[in-house]
Structures are given as structure tokens and as C-alpha cells.
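Two complexes come next, and they have one chain in common, subunit A, joined by subunit B in the first and subunit C in the second.
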Partner chain A sequence: MLVAQVLVNALVLGCLYACIAIGFSLVWGVLNVINLIHGSFIVLGAYLAWGLYQSLAIPPWYALLVAAPLFFVFGYLLQRSLLNRVIAAPVLVTLTLTFGLDLILNNAMIYFFKADYRKLSLHPSMGSVSLFDVVVPVDRLIATASALALTGLLYLVLRRLRVGRAIVAVRLDRDAAVLMGVDVKSIYAIAFGFGAALAGCAGVLMALIFPISPLTSSTYLGKAFVVCVLGGLGSVSGALAGGLLLALVEGVGSTLIGPAHATTLSFALLIVFLIARPQGLLGRKGFE
Partner chain B sequence: MTRVNLALLVLIGCVAALPWFGGAYALRLGTIACMYAILALSWNVVGGFAGYPSFATAAFFGFGAYATGVLLSDGLPLSLAIAATLTASLLLAVLLGVVLLRLRGHYFAIASLSLVEVLRELVNNATDLTGGGMGLNIPLASGSGILADATFFFFAMWGLLLATALMVIAVSSSKLGFGLACIRQNETAASMVGLNCTLYKSIAFGLSAGFVGAAGGLYAAWVHYIDPSDVFDILYSVKPIVMALMGGLGSPLGVVCGAFLYLGLEEVVWRNYIQIHSGVLGVLIVMLLLLLPHGLISLRPGMLRRKPKHV
Partner chain C sequence: MESLRMSGPKLACSRFVFAAAVFAAIVCGAPAASEAAEDVVRFGAPLPLTGPLAPEGIKQQQGYDLWAEQANKIGGILVGGKRYKVEIDYADYQSNTPRAVQTTEQMISQDNVNFLFGAFGSGAAKAASTVSEKYKVPTIAAAASSSQVYDQGYKYLFGTFTPNDTLTTPLTEIIKAQAPDVKKVAILARNDLFPLAIAQEMEKSAKANGFEVVYFEKYAIGTLDHSATLSQMKSLAPQWIFITGYINDLLLIRKQMVDQEMKAGVVTMIAGPAYQDFIDSAGQSAENITSASWWHPAERYAGKDIFGSTENFVKLFRDKYHSDPDYGQASAALCGALFQLAIERAGSLDREKVRDELAKLDVVTFFGPVKFGPNGQINSLEPPVFQIQGARPVVLFPPAIKQGELKLGVN
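Here is the complex of A and B:
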């Protein structure tokens, strides 16, 4: 039964990991920018959910509807005003710039929210369901289902909507997209906005499960790295595969050799994948 | 020896006069200034000369700190411990470099970032050897008084800075430096004309890591207490990059000036805005990248023969 519990835990956690990573993967794939603010966006989303629940008693699944447009606008403006100026610069410059922006945002959160760990606890608590001996808390199930829904939504947007097709076109071939009349600058900003919105929503879902603190942003960012590299850039399914694989490795690893080594294991796996299979499990050039 | 390199050595020589002008605070600041300059100069070998965006500085800084810490706890004298640390970091980096430096661009950046995480977690979990999260206490080297101790460590760090500068100058004027410049400009072409790119990059990575490791070792011996989250702080990876960008990427003189200027700014910010110091650092980084992307040295390109190089 332990095996079944580990597998179910991995499945639940894996969908959340995919949700954390998917915005990061979109920005990396389309803009060719490693967005180090991603972790802080997630934490900010978690604070938003926490604040809405504490002050207005709005449950987190409704907070998603607030977070998505808010973060989209924030991301759009950030890309338009700052990142767009260095978008053609080498890796070092864009990476360092997003690091600087992350320092600002993270410091602002520490300043306003303090570094204390907070927890969003629902009243009344939702309990858990059990099937045979496998136990899953209901709030976790809701978070996982929402994460899957968000992932599916992004897939549909990229697949069906005009703007989604334009994003995919820019990722596939920037120059050809320009020739076809795509406004690349605004597509960049929209893609970054989507990335930010997904990060904010992921944060709202994280608030249901994990404690909230500005100090956790680097953990989320690390997960996003690993998931992107494992699953491969360029597809929604890749992020899902990467998230599930990471959750599985962490779950099995911490059961077999102890939770202290789970992080080491996941990063070691990251390095192995980078060297042996840099395109990831399901990586390819297009984004859907 | 070009004029710029001579200017670099003169600048470093001037720093040595510090103990005659200031007290304990100046000594502390001077030691940190030398340490930052070592980190920035070393990073410049990989990041500036070869153009590889390495975020592994913190990994080797922490490795060096712990290697020296453990060796000193075993009763080895400081000089021997530092020499052993330098060699060990160099070898480790060459071995890792052969594997990691096959990656380019974003992938290399992420791999080097995760190297810091892996080493930190390993040190965190090897409680028997390193003390894990409790940190490692390092025995006091001498009992000759606070000021004498501070002076000793200042000169030790300064000596290491001089050695690093000589290494960088030697690299930049040798075949190795030329090869690294070729790799930066077009690695595929460099490899086509018969340059052993992997070997060159690995040597550069090793040299850079060796001196960073030694600096970490001196730091550990100087502060007597280290813990994983302190010496494996990712900021040790980012600060050298900011210093190099501030001074002018690829130019050793610019990089050292950038390190000193950065320390000055950091001191002012720490002293006045302790609560928001990392935010101010962030603002500084953003302004620098948007307004002065080629660094201080690009302000008067006519005065110096070597022009700043692009990333």
C-alpha cells in the first residue's frame, strides 16, 4: 500500500509542479529568456490568495479569477517597459536583469509581508478522502484539478486562439512570423503576461497546500528549472511529463534514501538530463 | 605587458598601502575588496574571456571554504590548507568542466546554477564531515591580537589577489587567452580550425575555480565560522557578474575597478538602508544593464587601448 500512496502523492504533486513550470517554460521557449522572477510571482500569487481569504473570505478557487488578469497586466507591462529593451541581448544580460528584478520584488515582499511563514487554513477544513489505504486531502485534490485545468486551458489557447497560434509561430520562427504580419513585440509581451498569469495562479494553488513566505520563491524557481529540463521545452505535455517525473523521483527518492536527499537527487537528475538529453523527455522545437 | 595590465598591477599595489592609513574597519573593508576583486577577476576568465555565463562561482567559493575549514580542523597549517584547496578546486572544476562546458547558453547557465544547489545540499547532508546545517567552527589560527590577525588576513587576501591578477594577465597574453577569445566569438569556427575547445574551456574553468576556492578558504579561516547557506549563497555567483558588467566585461582593469566600486556602493547601501539592501542591489543591476551595458570602462574608450568587449 505504501507504493500506491507514493504513486498517488507523486501524481498529485506532479500536476502542481507542471503548473509551476508551465509559465516558465512558455517564457523561456518564446522569448528565449530565463525568467528568474517566476518564483517570486508564485509567492506573490500565494499572498494574494491568502490576503483575499483573510480579509474578504474569498476562497482560493475564486481568487484565481482575480489573480490571472492582475498578473497578466503586471507581466505585460514589465515586459513592455523593461525586458523588451534587452530582449536581443545575450543570455548573461537577460538573466542578470531578471535576477535584479527578482531581488527587487522579493525584497519588497519581505518588507511588506515580513519573512514569517504564513498558512492559509480553510474554515472548516475540508478533510480528506481515502480509497483503500490511500489517503489524499481534499484541498490537495482541488489544487491538482485546478492545476490540470489551467494546463489544459493554456493548451487550448495555444492550439485554438489566434493569439495562441501567433505565439507558437513566433517560437517556431521569429523572422517568418514577422513576415506573416505578426507583431512580435506585442506577442512577446503577451507571452510574458501569460507566463506571469500562470505563475500567479500556481501561487494561489500553492497557498492551499504549502506555507507562504518570500523565502520559498527560490524553491519554486528550482522546481521550474528541473521540470523544464526534464520534460523538455516547447510543449505543454513536456511540462506535465517533467512535473510527474520530478514528483515521482522525489517521492521514491525520499522514501528510499530519506527526504534530506530529495533535492540533491532532483538537481543531480537535472544535470544528467542536461548532458545526456538536453531536449528533455518530450522536447521539440514548436510550442504545440 | 600592456599599459592596461600595468595600470591593473599599480592599482593592486596601491591597495596594499591600506594598513598604514586605516584602522580595523578599513582592514575589514580592504579584505572584502580584495576578495570581491578575486571573485570578479576569476569569473572574468570564464565569463569575459570565453563568454560562458557561469553561475558556478558560489559553488567553488563554498567548496573552497569547506575544504579549508575541514583541513584546518584536522590541524593542517593555513598555508598548506589553502594550497590544497586551490589544487582541489582546480581539479574538481576541470573534471566538471569537461562535462558541463559542452552545454551552451541558457543550458550552461542553468547547469552551473544547479551545481551550487547540489554542492550546498551535499554539504548540508554530510553532517559528520561538515556539521551540516549547524555550520562549521574553524579554530583560531593565532592568538596574536585582533588587529594583527586582521592585518594578516588582509595581506593574505591581497597576496591571493595579486596572484589572481598575474594569472589573468598571463592567460590573456597567452595562446590560451587567444583561444578563449576565439571561442567567445565563434566556437564552431574555432573548433573547425583545430582548436581543442573543450580542453581550453576546461582549463579556463579550472583556473577560475581554483582561485575562487582559495578565496573561499581564506574567507573561512578569516571569519572562523561558516554554514552552507552563507558560503553557498547564490549572491556570490551574481555579484562577480554585476562587478564585471559594471567595470566592463572582459577587461581585467575594468573588472577590478567594478569590484571596488561595487563594494563602495554596497557599504553605503548596507549602512543606510539595511532593510531594503537587496532591493537596492536589484535596482542597481537593472539600471546598470539598461543604461550602461558596457560598463565603466566604456565611458572613455579613447583613454585605454583595449576597448570593452561585447558579451
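Here is the complex of A and C:
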């Protein structure tokens, strides 16, 4: 039964990891920008969910509807006003810029919210469901279902909508996309906006489960990075595969060699992938 | 534009006025400033005022502030017939141990503090003590119990928490005597100096008392998801679950234990359940959790320190903060009161003399009898064991202040 419980835990956690990483993967894949502000966006989303619940009693699943447009606009404006200016520069420049922006946002959150841990506790508590001794908390199930829905939504946007096809076209061949009349700067801004919206929504979902503090942003960023390397850039399914693999490695590693070494194991796997399979499990050019 | 221009004589006049003002400030102000500086004893307090350890850091600050307020109410600390006001310099090291070391050095070399309070927890207190020892600044750690902090051979470091085994031994003996069906123990420790050290003491104590330790693992600092660990622990069906960490870790783990529907005869958590914040945040899930700490407001000591008695300390604390004090706040206030005793006995602010008086202390305080061992760690206290019952901590040990009986079953 322990094996079943560990697998279910990993499945649930894996979907959450995928949700954390999907926006990061989109921005990295399409814009070739390693967006270091992603972790802080997630934390800001968590604060938004917490604030809406504390002040207006709006549950987190409704907070998603507020977070998505708000973060999209924030991300869009950030890309339009700052990142687009250096997008053609070497990757180190954009990395440094997002690093600086992350420092500003993270320290602003420490200033306004303090670095204390806060918890979004639903009243009444949602409890757990159990089947054949395998127990899953309901709040995690809701977060997982929402994470899967968001991932599916992004997949549909990229597959079905004109703007999604334009994003994929820019990723596949920027110059050809320009010749076909695609406004690349707008597409970059929209892709970055999507990335920010997904990070904000991931934060809302994380608030249901984990404590909220600006200090957790580096943990989320680290997870997103590992998921992208494991799953590979360029596909929604890659992020999902990476998230599930990471959660499985952590869960099994924690059970077999102890929780203190689970993170070490996941980063060891990252190194192995970087050497042996740099494109990740499902990585490919384009974002479909 | 005209108003911005100054003619020659006007400029000369204003220069003269400015120079005269500066001269007056130097002549009149300087002695006043140095006089003021002489009348103050400055204590440095590096604390984790933000970050995951902020709840603990803020408690320590409350204890120091209460002591400083009481000391200043009577004019300050008496040094050679003259009263010196108490001033505490706080610095937030954001729950980041390397920053605690930097902050401590800054306080000594730039802020010129006379004495120091130790950083929070065994890990940070040990790391920062290397700096205070180098500069020979007497330091009292309000929240460091692990023997590894005091076995460094340091002369200037003192601590008000007894060694970890003084908590785990009575706890194990109580469970052994009152819960004979409890045989299997699972231990999970935060991979940090104090939480790991007390977990190791618990393992020793459990084995010595015939318990079977079926699980012993560490979790990394900052771990957010404990589900895999808890599932494994649950599969081993321990009757006693012993978890260490600080308040935020323990609240997170307790929530995830409830999520996993984990039940056990005894659940012990150290350190956190003594804090009202833990009880308020954990709500019903805090019921029947056992713990141990270094002090409890139910104790009754008639002390020679500024607070006089435990009752008086509790009253003063309630008046100021409108809540009951816990061991963290009491220990911090004690550190101030001990410095005051040592400085007054030394009759001087000389660091060497104050250090020697601290080492010689053998006094009853509101916290209990205080006497430091040769390594600087207090060795004169009998820490209480308690259990959360009806949303309040109920003392189970020592018998002199016992308030209730052990209840089994944590759901």
C-alpha cells in the first residue's frame, strides 16, 4: 500500500510541479529568456490568493480568474517596456535583467508582506478522500485538477488559436514568422504575459497547500528549472512529464534514502540529464 | 532668479552665521553627546525578525524589551553608584545564519555594543559565537540548548537552556510509565543543529527505555512537501511520533499529517507547541500534542533578579503584551536580568569583569535557579513536560507544578 500511496503523492505533486514550470518553459522556449522572476511571480500570486481570501473571503479557485488577467497585463507590460529592449542581446543580458527584476520584486514583497510564513487556511477544512487506504487531501486534488486544466488550456491556446500558432511560429523560425507578417515584439510580449499569468495562477494554487513567503520563490524557481531540464523545452507535455518525473524521484528518493537527500537526488538527476540528454524527455523545437 | 543670487556681503554674512552655528554645536553639543553616550549600556541583539524563524525572533525581542523597560523604569543598571540606561540594538538577519554572523561582527566593530545577546537557535548562536569570542564580548544565548554550542571551549559564551537530554529523558519516562502499549517510535528531525541534536537525544533516550525506534530521518530546511515522508512513517504504524523543528515547520507537518489521516497514541513536537501561536494556528489538531520546554508560567520562584518572582514576571508580561509568556520570551528577559545582575556585581562595564561575574553566578531568578557549568551552559534547571489539552499547555512534569495527567490519542 505504501507504493500506491507514494505513487499517488507523486502524481499529485507532479501535476503541481508541471503547473509551476509551464510558464517558465513557455518563456524559455519561445523567447529564449531564462526568466528568473518566475519564482517571485508565483509567490505574488499566492499573496493575491491569500489577500482575496482574508479580506473578501474569495476562495482560491475564483482568485484564478483575477490572477490570470492581472498577471498577464503585468507580464505583457514588463516585456513590452523592458525585456523587448534587450531581447536580441546575448542570453546573459536577459538573464541579468530578470535577475535584477527578481531582486526588486522579491525585496518589495519582503518590505510589504515581511518574510514571515503565512497560510491560507480554508474554513471549514476540506479534509481528505481515501480509497483502499490511499489518502489524498481534497485541497491537493482541487489544486491538481486546476493545474491540469491550466496546462490543457495552454495546450489548446497554442494549438487552436491564431495567437497560439503565431507563438509557435516565432519559436520555430523567428525570421520566417516576420516574413509572414507576424508582429514578433507583440508575440514576445503576449508569450511573456502568458508565462506570467501561468505563474500567478500556479501561485494561487500553491497557496492552497504550501505556506506563503517571499523566501519560497527560489524553491519554486529551482523546481521550475529542474522540471524544464528533465521534461525538455518546447512542449506542454514535456513540462508535465518533467513535473511527474521530478515528483516521482523526490517521493521514491525520500522513501528509500530519506527526505534530507531527496532534493540532492533531483539535482543529481538534473546533471545526468544535462550531460546525457540535454533536450530532456520530450524536448523539441517549437512549442506544440 | 533674483532670490537665488547673493551679493558679496550677504554671502559673507551667511557664511559667518553658518560657521558660528557649527562652532556653537561643537562647543555645546559635543560634551552633551559624550555625556549621553557614557550613561548608556548598549546590548546587541541579532535576531531573525523576518523569515521562517520570525515568530521565534519576535518572541525574543519581546523578552528583551520587557527587561529593558523594567530596568530603565528604575533609572537603568547601577554601575559603581551611577545608573546607566539600557539600550538594545536590534538587527534582523532574516533567518539567514551567515547573515547572523556578519551582523554580530558589525554590532561589535561598528556599533560598539558593550555586550551581546546570542542569535536565535543553536545553529546561529554557535556560528555567531565565533565572532563574539574573537572580540571577547560576553554573550548570553537565550535560545540555544545543544551541547555542540558550548563544547567549543569558549570563555565568553553563556546559555540559559539546559542540555537537550533534560527534555527528552523525563518525557520518555512519563510515556513509558503511563502508556505501556506504546512500543514503536518514529522520529523525524529538521536537519538543523538543535532539532537534529534533540532528535538524536530522543533516539538514545527511547532505546535506553526499551522503545523500538522504527523510523529516524531528517528533512531539509525549507522543505515544503512532507507527504512522501509521512506516508512512509504511517506505513510503519508507530504508536509514538516525535517530530522536531521550529514553529512553521511543525505547523506545516501537522497539517500534512491531518491530510494523510495519521493517528498515533502519542505525538510529540519540539519546539513550538509551547507557543500560543502554535495552538491558535493548529486549532483542534494541536490537541493532545506533547512537548517539553525550559520554562512554564506555572512555575513559582522567588528570584533575586529585577523581576523578583515568576508571578511578577508573568503579570508584567501580561500587562505589556496582553498574553501569557512562553519559555522563549521568558528566557530572553532572563538574559537581560542576568546581565544586569553581573554588571551590578562587577560594578563596572569592563567586559572581563562582567564575564567573570556571569561565570560565578549562583542565584535564584523568576526563571528558576541559575548557575552556569564550566562550559557556560546552565545546569541548574528542571525543564517542564507538558501537553496541549483544551487549547492550553498543561504541565505533566515536574510534580511540583503538575497541572494534569497524560492523555493518549492524537487524531
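Here, the second predicted complex is superposed on the first by the 288 of 288 C-alpha atoms of A that agree within 3 Å, B and C clash if a C-alpha of one lies under 4 Å from a C-alpha of the other, contacts with A are read in each partner's own complex, and residues count from 1 in each chain.
The criterion applied here is as follows: a residue touches a chain if its C-beta (ideal position, glycine included) is under 8 Å from a C-beta of that chain, and two chains touch if they have at least 3 such contacts.
Being a predicted model, the structure only gives us computed values, none of them experimental.
Peer 1: Check the residue A:225 against both partner chains and state whether it touches subunit B (first), subunit C (second), both, or neither.
Peer 2: A:225 contacts subunit B only, not subunit C.
Peer 1: Contact-wise, after the overlay, does A:211 reach subunit B, subunit C, both or neither (first, second, both, neither)?
Peer 2: second
Peer 1: With both complexes overlaid on chain A, does A:176 touch subunit B (first), subunit C (second), both or neither?
Peer 2: After superposing on A, A:176 lies clear of both subunit B and subunit C.
Peer 1: Is A:114 touching anything from subunit B or subunit C once the two structures are fitted on A? First, second, both or neither.
Peer 2: second
Peer 1: A:268 contacts which: subunit B (first), subunit C (second), both, neither?
Peer 2: first
Peer 1: Given the touch rule stated above, what does A:129 touch, subunit B (first), subunit C (second), both, or neither?
Peer 2: So A:129 meets neither subunit B nor subunit C here.
Peer 1: Output check: A:259 vs subunit B and subunit C. Expected answer is one of first, second, both, neither. What do you get?
Peer 2: It touches subunit C, and subunit B stays clear.
Peer 1: Following superposition on chain A, which residues of subunit A contact subunit B and also contact subunit C?
Peer 2: Residues 260, 263 of subunit A touch both subunit B and subunit C.
Peer 1: Mind pulling up the subunit C residues that touch subunit A in the complex?
Peer 2: My answer: residues 50-52, 54-55, 94-95, 188, 191, 217-220, 222-229, 231-232, 234-235, 248, 251-252, 255-256, 258-261, 281.
Peer 1: Applying the document's contact rule, which stretches of subunit B touch subunit A when the two form their complex?
Peer 2: Residue list for subunit B touching subunit A: 47, 51, 53, 99-100, 102-103, 105-107, 109-111, 113-115, 117-118, 121-122, 124-125, 234, 238, 241-242, 245, 275-279, 281-286, 289-290, 293, 310-311.
Peer 1: Taking the touch rule as given, give the residues of subunit A at its contact with subunit C in the complex, in rising order.
Peer 2: 1-2, 5-6, 9-10, 12-13, 110, 114-117, 119, 121, 125, 128, 130, 135, 137, 139-140, 210-211, 213, 215-216, 219, 250-252, 254-255, 258-260, 262-263
Peer 1: Considering the complex alone, what residue numbers of subunit A touch subunit B?
Peer 2: Answer in residue numbers: 28, 32, 34, 82, 85-86, 89-93, 95-97, 99-108, 111, 218, 222, 225-226, 229, 260-261, 263-264, 267-268, 270-271, 274-275, 278.
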